[in-house]
Structures are given as structure tokens and as C-alpha cells.
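Following: one structure in C-alpha cells, then a few remarks.
Every chain is named by a letter (A, B, C and D) in the order it is written, and numbering of its residues begins at 1.
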Amino acid sequence: MKLFEYQGKAVFQAAGIPVPESRLVPCTSASVAVIAGQVAEAVRELTAASSSDNKPAGGDTAIVVKAQLDMGGRGKAGLIHVARGPEAAAEAARTIMGKGYTIPALLVERAVSIDRELYLSISADATSANFVILASAEGGVDIEDLAKNRPEAIRRVVVDPFRGLQGYQSRGLAYDLGLSDNVAKQFAAMVEALYRVFRGKDAELAEINPVFITTSGELIAGDSKLIIDDNSLYRQREFQLAREQFDSDAAYEAAVEGIPYLQFDGDISLMCAGAGLATTVFDLVNYGGGAVANYLEFGGPNYQKAQRAMELCLKNQSSVILVVTFGTIARADVMAQGIVDAMKLLKPDRPIVTCIRGTNEEEAHETLRAAGLEPLLDTEVAVQRAIDLAAARKGREKKDGRA
Amino acid sequence: MSIYVNRETRILVQGITGNEGAFWSKHMLDMGSKVVAGVTPGKEGQKVHGVPVFHSVARAVASTEVEAAMLFVPPRFTRDAVYEALDAGIRKVVTIADGIPLQDQIQIRAHAQSLGAQVVGGNTSGVISPGASMLGMFPYWIERVYKPGTIGVMTRSGSLTNEVTAMVVRAGYGVSTLVGVGGDQVPLSRFAEFLPAYQADPATQAVVIIGELGGTMEEEVAAEIAAGRFTKPLVAFIGGRTAPAGKRMGHAGAIVTGTTGTVASKVAALEAAGALVADRPSAVGALLQQAMQKAGHQ
Amino acid sequence: MKLFEYQGKAVFQAAGIPVPESRLVPCTSASVAVIAGQVAEAVRELTAASSSDNKPAGGDTAIVVKAQLDMGGRGKAGLIHVARGPEAAAEAARTIMGKGYTIPALLVERAVSIDRELYLSISADATSANFVILASAEGGVDIEDLAKNRPEAIRRVVVDPFRGLQGYQSRGLAYDLGLSDNVAKQFAAMVEALYRVFRGKDAELAEINPVFITTSGELIAGDSKLIIDDNSLYRQREFQLAREQFDSDAAYEAAVEGIPYLQFDGDISLMCAGAGLATTVFDLVNYGGGAVANYLEFGGPNYQKAQRAMELCLKNQSSVILVVTFGTIARADVMAQGIVDAMKLLKPDRPIVTCIRGTNEEEAHETLRAAGLEPLLDTEVAVQRAIDLAAARKGREKKDGRA
Amino acid sequence: MSIYVNRETRILVQGITGNEGAFWSKHMLDMGSKVVAGVTPGKEGQKVHGVPVFHSVARAVASTEVEAAMLFVPPRFTRDAVYEALDAGIRKVVTIADGIPLQDQIQIRAHAQSLGAQVVGGNTSGVISPGASMLGMFPYWIERVYKPGTIGVMTRSGSLTNEVTAMVVRAGYGVSTLVGVGGDQVPLSRFAEFLPAYQADPATQAVVIIGELGGTMEEEVAAEIAAGRFTKPLVAFIGGRTAPAGKRMGHAGAIVTGTTGTVASKVAALEAAGALVADRPSAVGALLQQAMQKAGHQ
């Protein structure tokens, strides 16, 4: 579960990591005009409360307006603006909201006066089975680019998962980045706080990029990237799935059901059991020139959720539903029966191609035949059938002038 | 012969009295697996399919010799259960749990490494040496997939394994031992860590790996081949060539971040090392025949 | 730092370990009559507040009055009494206070109805470098005796100091003790709570002996033995040295100064530098038929505390002060000068024997000679000299009829 | 020759810019110890007695080879400093800190053991091979105590060591290497763990141990002799025969609890194994002469 910047920063702040003073303006149910007004009001509040260290003589406090959405490169995309004064900030908000993205909220922050930027992150290393801290004196850039182009600019600290982070490690990292004195001390403290967040919140990734060093020598988190391990949510009760974290209603509803789902814009709905098999079917559809409408898994613990899965598929404007399974625990007979029951209930308006194999497959095939479906046995044959059906429908629609 | 698990391997089942544990223990026994003890706290004295149940692993190993532990334990209790097996001296542990917290997995793997143990899973069907023994939940009764033979199989998937292994069997081969390392971001054991055993196993003539995007396990296999430490024929199928970058599609481990984890890098590494890579499951059989012939097998 | 039973139980309770309901009656500055009255009042409070599960029909609630002092075998010594009703409890208090011990406080507890007793402790194992949990289904006995006579009755669980206590360990221990169901669960929870206490409070030893299993199947801590590592007090701020933890004013004052000090009833005051050397001098005095008045170390970081050390020695009715050092960092010249300065200031009424060697010993010897002291060089010679001086004084006193 | 530290041992001093660190580094250098680097966070670039100072151990070892670390670091920072040395690959570490928290010591020792490292201390003067090198703070200039020679000495004490070692020298011998394991309840290394090195050291003809009540270190030495793994002459002095039970007199480690740790049990174990035990320091010399003669040394 990837938190938005503002959520991550709230976690950081609670852990003792300095973050810029800010106000959040939610955007889900308001007009752009209302949002712009709320941004202006937020700026007034921040200005009133501020000790104004970045307020130029006679001028307005510098403010940053940042779109809150799960997307890299927000700056380049024009989703982050610096403005001075309530009116300019409101204008920035209007500009951002006009970019055509779904933006759940705007974060309105007091700008800080930046001397330098650092990079800092903590993640898990699957191979060595350690936690790993990465840091660089060259912050604010894409760490992947930096890793490719100037790997020597990245310092790596390996943290034993039982002994935990040691003082010498955070201190040593600060000195290795060329920091000194008070800044080094602040950085070491920030590393320790971020490690507490990483461990305490079961994070997959805890990243601060950039870490600002202000002109007055203070360290402050310029951004947050905090991904909470979905498998740990049972013990991280403060984090809950929310609609705003998803691109579509279908994706959110699927997530609530625990059904892996991804939205695409093709015309073949996948309804597969098994992550690896679903991914392979996705490949095969693409190889064959087809286009996927949605990726969906109803295998594993969800093998009895055929009805819910089909409902999600039917939300798409797809031409065909392609069911491929080769199940073990996910019994073929149960899945086949689920498909047939769902068809009776939902009366799908599009053809369904089935390739259901595995435990109790003979019974499954009888069930499908009884419902008028052809039980295919070969995945690639089934994929081709779906592609052909989709193409035929496209052809019809073209002829009908509907495309 | 086989690797990891064979006809003689004495198996303990943790969580044996649960629905899943009891169900699959039955199948393990049916297949010939030597399930000698079970553990469920508070249920000592019971029997499940004739297998005696103990309160703890320590109490089980005190009364019967055990070489491998099979866990049917929920994800949130998996770390404790794996520690229990390892700390009791068991060095082969398989967990099918789907949803083990990632930081727990890091700790489990770190502890297993410090002991020289191999913990397989989570999010897997387990390990099977068809016709001999099983640590997991495989439909071994589907002969067109789980036919005994000479091909070692390693996989990150479940259903896809059935799909690909069926192609191996269709090409005229069978399986020596199949190891499902699972689809998590942190598999508790990794492909390359089983290569020495496959290399040493006289019954294994070639290995098929069923990989996918994300992580570096396939590259590690390529490195072992390139270093000359694994010399048997190896055929790979790798899924997710057309998966969108940055999205988590499929398994938790199947995510491309930045420049690592792309199928392209895996294919390039494996082919450079001399392995054959199939672009679709149906291509696996022919490539395997080709590799086997080249190696002098029929 | 060894906590009193009531202090340990307060820590246990805060950690979630059940303890009997109780009231504390301090005894430091009150007459026995006042104390007995307070005990009776405490019993009335406990009786009023109680749900009276141990109240016999028409009778009084059973109460235990327990002397709080650092001593094993309190039961055998008559320092623990069971009583029914305020008057009986007051009488018990009078009996206890009349035993001739220095008792800082009485703990007045509601008695519990006991079915069985267990033993449970956690300590550190220096050799294996692990934490070790010991438990036995035979509680309430001296664990050392049990270890000698029936070692098979003690279960031992080794806890990795990095991974910490695991659920399977506390659960397994419960089953290995033959507990079952609800009692096993309570015991596992108690083990986990005690481990949190042990680690969280930097304990050397955390012991519950006995753990009561009540007739209604509840687990409750019957006693507490909690020793906090003195070296950790800087990070365990809640625990502070207090007068009541020491046998004498001198011992308490020495502890506050950080000077190792033990009170004895002989006539030779030791003032030695180095723990091992001081212990050896203690042996040599005893070998030679002498009797030590006090053990005192002023070496190590205390080597400049000669004056404070001599003051402590002079508090004793000793006949001679025996100074033995062989210092490294504790410089001989500094210690000699300290002795001489202290003599000028304190004008001791008894002879001082010095055997000061080590770093800068030549200067030290000059200093001693200038002050009229003979710098001995051989420890055993110095010890014999002190014994002789003490014997001579004793002889004089005998002759004078003062002994 | 010597054990643990010799003329060639390249030494890093942690906490070198502090009063104690600077003072004793000077003495270590004066004695010939090869102090090649120092560490104090924030002070990189400085020099102490000509020794370059680094921010961290990692930075020091990156620029100069180091085999041993000497810590002049306060007790509360000792665990961190020892980890820093160990994690940088140093396998010999001496800490003189007096007052290291007990649970920290358990963790330090556990970590050192897992790495096969020997951490000596705390609450000790350290290790000295007189005339060759020193990791600690010994008055090596007192020739009647620290005279080079053929007797290995191990001790739990400071001042008492001077007392007893003076008797060794008075008897006509000198010291090969003296190891002060310290007086804490949890010495980071234990007597018996140095016996293999003394056994292997051709320059060591006999070993004197200076023990005391409490713990089981002397019994462990006896066990090594009894098992035939240590075969050189060994003389022990053990203090605290008349110490009252249950009271903490002297070192933190010098406490008798129940039946373990009594001087009587130590003496019995050592004598049963064939070691000679002195009842007072002045008896050590004669016993040593006796043991040496019996072993064919003069």
C-alpha cells in the first residue's frame, strides 16, 4: 500500500523527522473554484502562523502546491508549483487541477530555502536477507538513474534484521556523505527515525527524496515515499485501503475483495486463476495481437469468487471474457460451477471462453458443457479463440459504424 | 533419486489438525510421503490419519526422528513456526502460507541462512518428487503434469507450473523434483540455491525454470551456469514480457523497479550463459528436447 | 540493584503480570503500634474493595503480611504471616516487627486460594551469551536446591539475544510443564510479559517464585525477585538508589559515592584499590586470624576519593586502617597524597598501615614517609602488621577492661 | 612470540582523541605497539601522537590495514563501538570500559561468537605482550611486574594482577602474554577460550591464572586440562575464599549464587585436573617453579 506524500509525511513527523509546515486540501468532492479558494485560505493560515524565515522584505511567503497522487515525475508533469501569496497559490491550484489527472488532494506547504538536497531510503534486500539503507549527497534525482549513471554517488549500509540499525552506521553514513558537525548529527538522527518508521510500520520502502538542507543548516524531508507491506496490514491497523488509492472503482472494489485487478483499455477481459498463469495469458493475448481490458485473478483463496470476478469484468466495455485456470487447491469443478452460476445470475452480454484444468477437471468440463460452454484444454488455443472473438466483434462494430 | 525430498525423508507437519493440514497430510501420505509426526499446540495425543500429534516441534523430535517440516500455518504465525522447526534442528522447511509479512520473511531467511537451512516458500505449492514424496499440495494425481522422470523443475508460480510442466511431460519427459520457491518478493529460498543439488543428483538430467518478471532469481541462475557451477541442460520459461513497468501484476515478486527485474535482462543473461529460453509454455517441450539431445540424452 | 518484593510486583503489574491486591505500609519512621494500626487499616481497605473470593462464609478475608527486606527464607524466619481480619493482621505485624530485623516496609496482600505453585525466572547466561528462562512445575522451593536434587524438574529455554523470545518457546514451556488449555495460555503470556520486563528494565534476574495457580485456575505472581543491572541505571531512570536498600548508613553513603563498601563486625578497616586485590586482602586478614571491620575499594575511577573513603572507615569502631594498592591507572602518588591529605583533615584516631605500589610508586613512598607513614612493599607483611596492631589494641582494651 | 597481540599487530584505537585514549595511545606507542589509526567521529584529519584519526572504523580500515581494535570508549557506547569494529572485519577487540550494561555484554559476546571474534574486556586493563605490544593500559614500565618471558597470564583483576605477576617475576620468570578478561559478570571472552593459543605458542611454557570466586571460568580451564586439550603447566591463584556468600564483594562477577562459583569448587576442579593452586599470591612463585621443573623446564 503506497501512501500519498502527505500521509507519509504525517508518519515521518510523528517519528520525529522534520517536515515542512503544511495544510491539506482534499479535492474529491469540490469544484476547482472551491479548491482554489481553500488553497488560498491554507496559504493565509500558513503565513499567519509562520515565523516567516522565507518571507522576502515586503513580499509574500513562498508556498509550494503539490498534487497528491501516485505518480513519479510530478514536477515535470506540472503538478508541483511554487507560488507567493494566496492568489498565486490559488492560480497554481487551478493550473494543477486542469492538467487532466485524477487528484485526490493538494498539499499546500511552506517552501523552505534550500542549500542542498540529499537522498535517503530504506528497503529490504531479498537476496542477502537484510535491510538496506541507500543515501546520496545528490538528492532530488531519480535514484534508478543515479544507480545506472553514477553508482559511486550512492552509499549503501546493510542493516542486520536482528541486531537492527547501529549508531555507528547512521553516523558513519552521514560522514561518508561528506556532512559534518550539526548537519551530520541531524542526518544520523533522521536515518534512525526513518529506520524506526520502516520497521515499526512494516514498510517495503521508506524514502525521503529529496532531503533538504536549508540555507540555515536544518534538515527537512522534502517528499515522502512510504509503501506499507500489504501482508502486514493486519498488524498495521492505522493504514486502510481507500478509494483514492486506486485508479478506478473496479480496481478499488477488487482490492476490497482481495482480488488482484488491473485496468487496461483493450477488449479482452481476463479472468484467470494463478498469478503466474494470468501474467502468461496476458503475454499471450498481447503476442497474438489482442488487447487486454482487465487483468484479474480469482485463483488461490478467491477461487470461489467467480461471481464477483465476473461482475468486475462486466464493468468493462470488453468483447469477451477469457477464463484460464490450471488449479491445484483452486478446484476446477468449483471454479466451473462458479462461472456457470455467475452466468445464470449476471447474464453476460459477451461470449465466455473457458480453459479450466486441474483438480477435478473432468467434473468441471461436464458442468461447462451442460451450460453450453466449450471446455478448451489448451491455453494458447483459448487465447486465440478470445482474440478471434474480439476481432470479430470489432469488425462488426466497424461495419455498424459504432467504432 | 531426487533432491530435497525423497521416499525416505521423515516429515513433520506443523498445523496438522487444521482443515488444510489434515487434507493435504492425507494426500502426502497417499503419495507415499513419510509423514511421521504432526504438531498442533494443545492437541498432543490426537492422531490425524494415524499420525501422532504433539504440542510442539521439540516434543515431536524428542520422540521421533524428523528431517523436514511441512507447514500448514497462517501467514502471521509462519515466522514463529519456521523458527520452531529450525531451532529444533530441522534444516528443510516448506511453508505454503500466502501473505507472510515481508519483514518477517527477511528475518526467516536471515535466520535460515545463518543455520545453513533451506526454507521453501511462501506462496507456493511446495516441493514434490513425483512418485516418491511431497512437501506441499500438488495435484500429483494428474499424471500429465506430475509424472516421475528426469527433469528438475523450479518455479515461482502455481497454476503456471501445471501449465508448463504439462509441456515437459507432453514432450516425453517426467519430473525428478519440482521446487516451488513461490511468488513473493522475498522467497525464503532462491532458484540458484537448489542448483548444486540438481547438479549432484544423478536422476536429474536437465532443469526447467519457470520464472517471471521481477527480482533477480533468473539472473542468479544464469550466473551459476556462466561460472560453470551448473552444467546440465537448462530451459527457462519467463512470464510477464508484456507486463507494464511499475505496476504490481501477478505475484508480489513480479514487479519491475527501475532497471532491475525486466524479462529482457533475464532472457539476455540466461541466453548468454547458454540456457534456452521459451517465449511461451508450448515452446518449452521442443527446447527441452533440443537441449537434451545436445547433452547426449535421448 | 535488588528491588524489594513490592517494587518488583509493581513492575510486574505494569507489564500485565497479575499480582495479588495489596497495600504497602512503610516502617521507617513509625512506632510498631502505629505500623500495626496501619496494617489493620490496610486490611479493612482490602476487605472493603474485595470481591471476597477467599472469604469464608461468615469469616474474614485471608490476608498475608510480608516483611519487605532483602533476605531469602523470610517464611522460615517468621517474617511472613497469614492472618484473618484487621486485628489478627495487626498482631502479625507486631510479631514480624519484633523479630529484630531492619524492615523498611510491610506488604499487606489479599491471600489467594492456591492449587499449585510454579517456578519461573529469566537471567543471562554468561558462557553461552544467551538469555535463559528456567521454569519448574515445582514452585515455591529454593531453585538452587531443586537444581541440585532434582535437576530434571527444571525446564530450560534458551533465548537468542537478538531474535528474542519466540511464541513457540513460551507456549512450549507451558506444555512441557504439563499445563494445559487456559492455564497454559496464561503461563505463556506470563513468560512473555516477564521477558519484556527482563529486557525492558535491564534486569540481571527476573524471578517469580512461586507462581500461584489458584483453585479457580488463575495464574498470579506470589513473589517477585527483580535485580536491575547497576550498569544500566543511566538508562533505567525509574530506579534510584535509596537508603532502605542498604544495611547501614555507611553502605548507603558509599553507594551514592560509587564506592564499593561492605560492613562487617571486625576491627580492621580495609581501604584497598582494585576489587581483586581488596578481596585477596580480605582473605589474607581472615587467614591471619584478623577480623575485617569493613571492605572498601577506592581504586579504579575512585582513586582520588581517599578522603571520602577514610571518612567511611572512621565511621567504624575499627582499630586500624589497612591501605593496600597496586595501581595502574589509579596512580600510587595520587592515592598516597590523598591519604596524607585526608589524615591532615580527618586526624584519624587509629593507626594506618600502607602498602601502596604501582604507577609512580617512588613519589608515593616519599609522600608517605614525609607524613610519617612507613611505605610497606609487601602485601602480606602489611596485612600481618595490621593484624598485629589490631591484636595489640584488643589486648590493651582487654587490659583496660573495655572489651 | 606471544598470543593475541605481537610486535606486528596493526592496531586501531577507537576514542583516540579522548583524554584516556590519547594518554594510553602514547604509552602503547612508547612500548612499540603498532598503532596505525585512530577513530573519533567528527575528528577525521586530526593526528594524535602522529596517528591519523578517522570518522569511522570503516573509513580507517579502507585506508590502512588493521588487525586489532583498542577501545577507549565509555561503557554506554561500548556495544556500538565493538559492533563497529567487528562489522568492519576486525576480529580482535579490547575494551577497558568499566560498567558496560550486562545485556549489552550478552549481545556483544553473542555477536562476536557468531563471527569467531575474540573481544576482551570490559573492566580490564587489557592485553599485553611485554616488550612487544599492548592493547590496554598497563604500567609496562614496572619491570618487576611486566618483564618479558615465558609465562602466559590470564586474569579477572587489575591491581591483583600486578600483585600476582610480581610474584611470577620474583620467581625468576617473565610474561609472554597477559590477558585480562576482566571482572564483569559477563566477560566478553573467557579464560578457556585463550588456552588453544597458549598451547600453540612456542614462547609460552606455562600459564598462570588469577581467578576469584564467582562464575565458572576456572572450572572451564580445569575441564580443558582434564580433557587433554591443554597440556602445559598451569598454576592458579583464586581470591575470595573467605568472601561471604550471596554478597557482591569485589568485581561484579565475583558473587556466589547457590552452589556455583565457590572457590572450593574451582580449587577442587583445578587440582583434580592436575593444576597447582596457590592460596595466597606469595605462594604462586614456588608452585610455578615446581610445575616448571616437573615439565622439564628449568
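Please note the rule applied: a contact is a pair of C-beta atoms (placed from the backbone, for glycine too) under 8 Å apart; a residue touches a chain by one contact, two chains touch by 3 or more.
This is a predicted model, so every value here is computed, not measured.
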| item | value |
| --- | --- |
| More contacts between chains, C-D or B-C | C-D |
| Chain B and chain C: spacing of chain centres that average the CA atoms, whole Å | 57 |
| Between chain D and chain C, distance of the C-alpha-averaged centres to the nearest whole Å | 29 |
| Chain centre separation (chain B, chain D; CA means) in Å | 50 |
| Intercentroid distance (Cα basis), chain C paired with chain A, Å | 58 |
| Two or more partner chains touched - positions in chain A | 160, 162-163 |
| Residues within chain D bordering two or more other chains | 107, 111 |
| Topology of the chain contact graph, where touching chains are joined (line, ring, star, complete, other) | other |
| All touching chain pairs, where touch follows the definition stated at the start | A-B, A-C, A-D, B-C, C-D |
| Contacting residues of chain A [partner chain D, same complex] | 163, 166-168, 171-172, 175-176, 180-181, 184 |
| Residues of chain D defined as touching chain C within the complex | 75-76, 98-103, 106-107, 109-111, 113, 125, 137-139, 142, 155-163, 166, 183, 185-187, 190, 210, 212-213, 215-216, 220, 239-244, 246-247, 249-254, 257-259, 279-282 |
| Footprint of chain D on chain C - complex, ascending | 72, 124-127, 129-131, 142-144, 147-148, 160-162, 199, 202, 204, 229-232, 234-235, 260, 262, 272-280, 282-284, 286-287, 295, 297, 299-301, 325-330, 357-359, 361, 378-380 |
| Residues of chain A defined as touching chain C within the complex | 160, 162-163 |
| Complex interface listing, chain B residues touching chain C | 41-42, 44, 55-59, 77, 80-81, 83-84, 87, 107, 111 |
